[in-house]
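Next come two complexes built around subunit A: one with subunit B, the other with subunit C.
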Partner chain A sequence: MSAVGDGRPAAGDLVRVEGLRVSFPGQPRPAVDGVSLSVAPGECVALVGESGSGKSVTARALIGLAGARARVSARELTVAGADATGFGERQWRSVRGRHIAMVFQDALVALDPLRTVGAEIAEAARLHGAVGPEGTEAHVVDLLTRAGVPEPEARRAQYPHQLSGGLRQRALIASALAADPPLLVADEPTTALDAIVQAQILRLLGRLTESGRGLLLISHDLAAVAQLADRILVMRQGAVVESGPAERLLTNPLHPYTRMLLDAVPGTGGHGRPVPAPKAQSTVPAPARQARPVRAVPRGTARTGPGHDRVERTVLEGRDLTKSYGPEGRRALDGVSFTLRAGEALGVVGESGSGKTTLARVALGLVRPDAGEVLLHGRPWSAPAERDRRPHRAAVQFVQQDPYASADPRFTVARVLGEALPGLRRSARAERGAELLRQVGLPADLLSRRPHQLSGGQRQRVAIARALAPGPEVLVCDEPVSALDASVQAQVLRLLDRLRRETGVALLFITHDLAVVREVTERVLIMRHGSVVEEGGTDTILTTPGHPYTRELVASVLRLPVRAPARDGAGQGAGEPPLSGPVPQPITPLRGNDV
Partner chain B sequence: MSSAVTVLAETEAAVLTTGRVRPRSPLLAAAATLFVLLALVLAFPGLFTAHSPEATDVAAALRPPDGRHWLGTDQLGRDVYARLVYGTRLSVLIAVGATLIGVGGGALLGLLSACGGRRVDFALMRIVEVLLGFPELLLALLVVALLGGGTLNVAIALGIAGVPSYARLVRGQARLVLRSEYVEAARVLGVRPWRTVLRHVLPNVGGPLVVLASIGLGSAIVSGAGLSVLGLGPVPPDADWGAMVADGKDFLQTAWWISVFPGLAVTVLVVATTLAGRRLQLRAVR
Partner chain C sequence: MRASVPGLPPWARFAARRAVAGVAVVWGTVTVTFFAIHLAPGDIVDGLIGPGAAATPELRRQIAAEAGLDQPLLVQYGQELRQLASGDFGWSYQLGQPIGRLLGSQVWPTVQLAVSALATALVLAVLAATLTAGRGRAVRGAAALTELLAVSMPSFWLGIILLTALSYRLHVFPSIGAGGPASLVLPTLSLALPLAGLLAQVIRHELETADGRPFVLTARARGLGERALLLRHTLRHALLPLTTLAGFVLGGLFGGAVLVENIFTRPGLGRVLASAVGSRDLPVVTALVVLSSAVFVIVNTLVDLLHPLIDPRLREGGAA
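After this line comes the complex of A and B, so read on.
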């Protein structure tokens, strides 16, 4: 308490770090190596990088939360105007919340499930002496109001699980604001949220910086960051590869890695098919769900992949599918119909809770619909008993969301693939396995590896290879890229697209991401509350959305500013030069982080 | 300033070296040695003592430990050390047998419960819960009362008493695995259910089961000895360690060595197996 004055730093930065280095025992490389950054009042600085780039560790080191085993050092670390290089845990505690507050990614985990959000926020406020006992209630309501929570009086008394994801995130932001800290550190604050809510939270954070607060925004998502950041630092393998004013960096990136990240943002430059701004933009709140599905394109006119002779043949068809869960009978599916033709890619887009995953599971014959049926080649698929369906299962295969969970951790890649190749002799199986790996762009020597020895992208490729092994006609992909880094996402999407063209497999592609659907599908269903609100050609729907909900969805797609054509290595005069190697200077280890 | 750099370098070096070389617990090393010794005792008890465990010598009854009888003699003049060495076999046999029966039965019940549908699960788990309500020893006593005493029956009784907790573990683990995405993937591939159980469920349940069993082995040794103390174990003249403790109970004032040394043996073995079990558990967690 003594080390940090109560007054804010008279001038200059809220936080300033030079040559930050964080390493963990047992790791060959430091997690963060030579990162320098500062945040001034009213400024939003974004730290962008893929998983493992060290961006979160950097943020945590700035508030003394790098972890017990972390070794943290820096040439300079100034927090709230005080030298924090020698901070102990007590001093850090006096800084956290009061001068710097943190907003975490997952509000459901970050909020205490046993306390009302009001109690949570009140504690944060009282802890830092922001209010006395009498003023607490009014203060909490005021904070919730500032965080954009509607009906703050009522919400205050609710528990985190009673709130939607967006409201939870707002409550978390309110508790971070409790002691009125001049600096907020937000670690992936919108990653767990649906697109529309994400846009709202980003606007809220933007308002906070406009009111003079500093914001350090950590994200993997350049498109999200582009909405807010004044300056952007791009991190890779623990080091900053490029930094500069947001506009310059986004429109005229100098470092190849930055350019690669920008290209990888789905629906942008990469393949020359950016999501266009909708022509009839509207922010009308989504209306009643009874709205009838709008068919933007008559059936059968969708342009398809390679062979037009295949167009007419329907492989998988769902008729009036209904499925309820739980005692109250929450309708996950409410009269959904779809047709998937041979070789076609059909997207199913919706936010969490829209029923799209249930649709995938029904299409796979994993869940039996309460009413309606799924037909495979015109024959019953969802109705028969599992025993009778099993012989035909090869025709409909599955690519799951989480590549980290989709393979038995005890299995080698060879066994994972082998399971999909029954009845083959050992040598034939190995040969076919290698061939499958080649098909998904992996070297054959991965066959002897186990899942934990592979990267996320490699695992997803293995999962795709497994799904291809039985020679399916339909590949149901449930959010196949949402667990992957942006650059890997783009690769996997291209792979799926190529495989469809090569093998003629039809894709039923489930995603929450309009930009992703744009990359791989030619027709799309928009789902909401278990119903299809709109159906039609992907391009048509994205450019001229008919249903108000679709319009809102399309409007919430985050866009990057239009970029200047890449001029290799040339980026004269625009902003700061990229940071090069660390400047050799004395280093002071920070005690506080070693506790 | 430059000293700060060297301090940092030194701490980093220390971190690197300690990170690689895991500190070895001397207790664990002792436990490992003990297991080797135990294996030898089990295989070749004759190597460890020249005395016969059953040779009585009334003239030499109730002798305290000395150079000839290392751990003294009992009321019939039998060598306590020799009886301890030969008794090892029975004690370990009961414990291992009980654990195998418990694990086997538990795995079967647990898998049935996890895979057998809602009704089977409900019925089996209610039974398991009732059984878990009784202390294990009490349950074992009940079974012994039904089956009668003796080495085999004690092992069976303890095994049955252990079934509920193993069943619970297996059911929980199996349900986790059955809900996993890789089992779902197998289902989509058309793999038959029993194959899924063999290939995915059993191997993935096996790890935690082995860990629990190795810890359970310790308690089986204690419970086995406990039943033997009550006279329900091996039939004389055979004696496991528990029976030996019981043999000496009338002489505790005058000849403490008859009971104390077998009791110590039980303690040491239990501590060693528990240590090893915990170690396995830690490795499994990592």
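After this line comes the complex of A and C, so read on.
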């Protein structure tokens, strides 16, 4: 908690930079423009910003790794007490890992996949002479132990892909600690992790600062940063827009951008809860005749109009679904049942490996269950041959996690949408494409763009427009916002909610993120190891979770401290959770807890 | 075949599956060769009699009957398969000696040539790629141009150039024969240079791709130097596509050996093949086709067995 004043020179700072500027040839504006920061021993400084804000480039510039083509300048750059502005490659190498060590996102790719984690950690230790050849083995085991890896002797001989996400992130942290650096720079260290594991890793990082190490934490996630940071710098388009002590900044943000970021944290109640009343008349512009899908409407169901008797009617139903993969028959789904009513939003929450993505594929009719079946309007959906299912495919559409990977990079938006509108004439297709874009809140002139010319949020909106094109009754969304920045995330969630109310499309919303599921769904299934452990109203489950696993999951949701001048009113404790309604457990401060 | 044998490690099961598939491949090449030769215009008996010798129709019939050529084609095909399956390649029409012995005496110079050419190509390619990967535009442009030239240069033409320059003019290396290591240099280079050009392009691309990966950033962030990074990390990642390609081009080396052995008048299978095709020495051609397809299958199976050793993610049956 030292050096609170921003940029104030302090003798003991582990790193200090003034007026950092990083630009790349061919880029219209510098990636980093005039950033100043310092980290003192035992202090956690957080650099927060959305993608493209320059936070990662800033971090890399601190160890001379901004890139071969980067032009870096600074009024002052002090690393380990030495002026680093004139450092050559050799001097930088002696600093990297020894004085400043980096922890990156997703150890699956941040550690060499062809080498054991032990070899990676040993390399880091030997490089700076932290150990001799004889002591390496014991040192590696010790580092793994300190990073909270159980059975370190066995783990050290394993490869990154053989470890769980949490364990390999710990191994990555162990490799960063190998030469006992006084400063750790963690660039999105928990972004790829499940919520429960994320909380554990944050606790581990917190313990490291308590032993006197400095931590520069880089993240897009204010809620994660709030757990650890002493000071926070908010970056936008290469510049720091606001900085200050974490408590002040989180509770009393001065800059509108900071406020926007805080509002965008899911589950903060920053924007209105969706109204769970799918009563609205359909405002979908009627698709041209040829494009209207053949809907699997049971005979006898009078289709008096869209939105009518929707609340009761079940669109998609899964009965006792079971699916195994691999020669060992690992159960991805183990007796899962669900019902999705017309116009409803049903959340499916689980961590990686819980079977939720398999459920999405089975619901889409892309994967055939080993046992059980899926019914669309009470008719067999998973059982028939693909040829018989295809005419009805328009009724169930898909929105995937990565909008960039889910569209052909060579296609224009018009072609991406046009593919979902077969049988339309060219002019009609363009017209309908523009309509669809308008529906998802995009201007029609994006039709001529290609995916790489769009922002992440725009790409996901295009993906949603494509899913809406054939006029579906069910939208299966598999982690639709987890690849997006928080502010964009909130917008896309609002869009999905609005579309559901306007068009009456039902959402099967699959996510690992409890806070997200709260924004859009009324009912939720909690999945673990291929089974549903709990099911019920979203509010009920989040406020009074019954199953121990759900309780653990709810407790792992990271929360922001409540804002001081907030509408919630004064007089409430600083521990008031932003999730409205009662919370099962008081928030325990994460720092200082044993992992 | 489909039922998994319990108790065998995955790689052994894989090798067994590939052995079965390999036999099928060899059988396929035998079949195609057999019918191609028998259905091609011209009479095989001419090949039996040899060039320049005239024979009466009766004599021709007699020779054909002795060789079994008067039988229906399918019967001949069956006999051929039976003979090959028992490991007997038969007798050469032209040389009048058992083909097994013929190939045995000629295989060694060709193996020497192929292995030294492949090794030279690999060394040259790795050197060229590691020295130029990630460098500035001028260096990479020059390297790419050199490689393009090397790739597009036919081995026989390169061989003639090398002969003219280094053998006839400068007398550095002998021009013919297979006497000692010196005689191997020029044939090896003529085969290796085009290969090296191809491999270098692949390796450099792999090195540059690997350079953008997060684990390389991690390694640099822990203070690793560029040379150690190359040796311990990125080169190993380039090894996977490199071995795949090397297994592939080894098959092509055999074709290249035909030309190069003839230019340098080296003994070897390439020369045997060239003369056998010219004189329609059917059993010899068939034997060489079987041999080369078997080598191709074996080498590529070995490469596939090597991959899990390089990349641990390919162990455990590929499931990551």
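What we mean here is this: the second predicted complex is superposed on the first by the 514 of 595 C-alpha atoms of A that agree within 3 Å, B and C clash if a C-alpha of one lies under 4 Å from a C-alpha of the other, contacts with A are read in each partner's own complex, and residues count from 1 in each chain.
We adopt the following convention: contacts are C-beta pairs under 8 Å (C-beta built on N, C-alpha and C of every residue); 3 or more make two chains touch, one makes a residue touch a chain.
Quick caveat, the model's predicted, so the values are computed rather than measured.
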item	value
Partner chain(s) touched by A:A110 [first = subunit B, second = subunit C, both, neither]	second
Contacts of A:S175 with subunit B and subunit C, given as first, second, both or neither	second
Which superposed partner A:L193 touches (first subunit B, second subunit C, both, neither)	neither
Partner chain(s) touched by A:E123 [first = subunit B, second = subunit C, both, neither]	second
Touched partner set for A:L65, first subunit B, second subunit C, both or neither	second
Touching partner for A:L216 - first (subunit B), second (subunit C), both, neither	neither
Touched partner set for A:R93, first subunit B, second subunit C, both or neither	second
Which superposed partner A:A101 touches (first subunit B, second subunit C, both, neither)	second
Residue ranges of subunit C touching subunit A (in the complex, touch as defined)	4, 134, 213-215, 217-225, 232-233, 236-237, 310-313, 317, 319-320
List of subunit A residues in touch with subunit C within their complex	60, 63, 65, 68, 93-98, 101-102, 104-106, 109-115, 123-124, 127-128, 159, 161-162, 172, 175-176, 178-179, 326-327
For the subunit B and subunit A complex, residues of the former touching the latter	1-2, 4-5, 7-8, 11-12, 15-16, 18-20, 180-182, 184-192, 199-200, 203-204
Touch list for subunit A against partner subunit B, complex	23, 25-26, 71, 73, 364, 366, 390-391, 393-394, 396-398, 400, 402, 405-411, 419-420, 422, 463, 466, 469-470, 586-589
